[in-house]
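Structure provided below as structure tokens; questions to follow.
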Amino acid sequence: MASCQVVDAEPKGNGYQRASSLWHWHNKDVTDITDVQSAWLTAEDLAQIRERLPIVYVDAIPVRVDDAGRVTKIGLLLRGRPDGSISRAVISGRVLYGERIRDALLRHIEKDLGAMALPQIPTNPAPFTVAEYFPDPEVSGFHDPRQHAVSLVYVVPVKGDCAPSQNSLDLVWLTPAEAISGNVRAEMTGGQDILVQLALAHAGALS
Amino acid sequence: MASCQVVDAEPKGNGYQRASSLWHWHNKDVTDITDVQSAWLTAEDLAQIRERLPIVYVDAIPVRVDDAGRVTKIGLLLRGRPDGSISRAVISGRVLYGERIRDALLRHIEKDLGAMALPQIPTNPAPFTVAEYFPDPEVSGFHDPRQHAVSLVYVVPVKGDCAPSQNSLDLVWLTPAEAISGNVRAEMTGGQDILVQLALAHAGALS
Amino acid sequence: MASCQVVDAEPKGNGYQRASSLWHWHNKDVTDITDVQSAWLTAEDLAQIRERLPIVYVDAIPVRVDDAGRVTKIGLLLRGRPDGSISRAVISGRVLYGERIRDALLRHIEKDLGAMALPQIPTNPAPFTVAEYFPDPEVSGFHDPRQHAVSLVYVVPVKGDCAPSQNSLDLVWLTPAEAISGNVRAEMTGGQDILVQLALAHAGALS
Amino acid sequence: MASCQVVDAEPKGNGYQRASSLWHWHNKDVTDITDVQSAWLTAEDLAQIRERLPIVYVDAIPVRVDDAGRVTKIGLLLRGRPDGSISRAVISGRVLYGERIRDALLRHIEKDLGAMALPQIPTNPAPFTVAEYFPDPEVSGFHDPRQHAVSLVYVVPVKGDCAPSQNSLDLVWLTPAEAISGNVRAEMTGGQDILVQLALAHAGALS
């Protein structure tokens, strides 16, 4: 198999299986525009590039809000992480070649929360912060053993029904106070707890 | 009549009539929490304060967005303005004593667009810009002959049905390109055209 | 004494003395443009207005930064606070009638850190957050027993020599980690510790 | 020549010459930490990756400000652009593997304005907008025929002496009004004129 399309930012299992399943998947009728417009890239290619160039990511912190926009709950996934742990994390994924930031954000939210989540993507294209993930956990506090990723981070209210995808083991909705409590922070790795704090600070919900 | 409550930022008609109607209104059962928590202030008092202290305002630019948060339309009211003109303007109003910014924003949007507008108040309490209105139009480009107002400005997506209130003569939804065209700009006074440009710039919809 | 000008947001001592000293001060030649352009307001007038309308404030968190803009230190004043305590606080003050936000920010920083502080006022007029102070400490977590103040909050790098003014007892420069440590937080009241956290989150310096 | 290090985002002349000079340069003692930490990448490799993945960039709009942070002038380079034109442009360049956003910003500003420019990199790591450059000029209005680049955009006050580097033919300082005038806009391609407008909007200097 010469070439395949890697559409997910967090491959699970070994690279061959993933590449293989994607290859088959690709040979089905493809209707998702964001996949069609992405360039061909083998898992091997991506692995090599990841050692040489920063990769563009988006992170989304899903929240429930009241009528006046106050954050009442924050959503955290339980999932396998790049560092090998199973821990609490926000939504995160790669931006594909040719894909707009907004569309990547929408795609990853739907992938992780399902098609009925009704996310309200912010009108402002600027992220509220930038999380710079490095293989060395000391550089910035944001750690990704696979790569240097520059992630644009957004707080995204979701209004609909959320169903964690098969990539996630669980989705919990916590109050702001719960989300920054010691025992929840202990379930997060690689700087995800800091990201949650930054999101709550941005939303004026840090106490 | 000794004292009345001024709840609207843009009194229409002469002060006595307004004060009078508000006074009667006040003597009804009052259920709106934002009105109850506001302090008593005669129209005369407010006029005097306006010559001495900056007044806190919120401005909201209502927009229609697509699923990915792109601005497709911007809403402009046609209304009597403080400068005596009837012109295109965004939503604007005073923050009451004891009232949270978010609640003031929601209240003024509902007042101008109706109770079914379903506004999505941003999670971030920080405005995207601050419009400083002065009696002297030369100071900042934002002009209000009545007062020095410091207005926190927000872009607010609305998802529901919008019906202009009796305070407004009309509500139009324009594309970003239409909203900054020469003939629409010519219908705006006091810096409202600049505010529309700033909002579109913030939303990445300026071209 | 009929009328005097209140130029400081945090009067110390009893109102009469302050009013009196200001009155004398006023009768000197006044060269400061921001004072000249402010309207006349007796301490009594201001006290009455404070019970009826939100007051416009600016808060500034002074920081030291390295060449790449990273926050290395955060400055905290030790001063008498509106709640009667002597505690750590950021720079804070009222915006005068006719005064631009930028000029109010510059004026209060110079007042508290001296004329040689060389503050770098941000180019963006939007605050990074809005602190809503209420007489009731439960409403927002930001507490001011005197008034409802809507404060526009900015992080301001200072490059020069800082000398705390006579209004302050002390000025300390702390690392981000020190500034959010338990014993420093214990020296802050009225939500000042939250403000410090929000500022560090905004600067990407929360850990 | 097997491998070389591409340190500049906008190669001039043909790829071979550049690769060659960089190779020689590399064999000198390298003291610049940002170059040392970047990974090896041939011009060919980079060209291939550019057809498959979005590349991380930073754009900086250099400005002169007054004491209160008001933008008085905006700096525009005259340079060869990726589209083959010689036109007005802001500072722009690639983020290297292992490099922090702040350091990339500082490096590109020094490269284009010289070592004495004294830039004030913002404390907030979040860009004020994101410019998404595509090979197809219709997608976003930001055009780069070489690649899909996701550029984090910052307004950066510079206090020192600016000397355009050899990469640039000229550097002009324009007032905000001049910078958005028709004849200056006509000297910009690929959406650079929009970027200037967005920067001025962000700085509250659009009129």
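Observations on the model:
Going in written order, the chains are labelled A, B, C and D, and every chain counts its residues from 1.
Here is the rule we go by: a residue touches a chain if its C-beta (ideal position, glycine included) is under 8 Å from a C-beta of that chain, and two chains touch if they have at least 3 such contacts.
Since this is a predicted model, take the numbers as computed values, not measurements.
Chains that count as touching both chain A and chain B, per the definition above, are C, D. Rounded to the nearest 5, the angle that brings the Cα atoms of chain B onto chain D is 180°. Residues touching across the chain C and chain D pair largely coincide in numbering: over half of the numbers involved belong to both copies. For the pair chain B and chain D, the distance between C-alpha centroids works out to 39 Å. Look at where the CA atoms of chain C average out and do the same for chain D: the two points lie 37 Å apart.
Between the Cα centres of chain B and chain C there is a gap of 28 Å. Shared interface positions of chain A, i.e. residues touching 2 or more other chains, are given as 100, 125, 128-130, 202, 204.
Those residues of chain C whose C-beta lies close enough to touch chain A in the complex are 129-130, 141, 194, 197-198, 201-202, 204, 206-207. Residues 39-41, 45, 49, 51-56, 95-101, 125-130, 132, 134, 139-140, 148, 150, 152 of chain C touch chain B in their complex.
Contact residues on chain B toward chain A in their complex (touch as defined above): 63, 65, 67-71, 100, 102-103, 105-106, 120-125, 128, 155, 157, 202-204.
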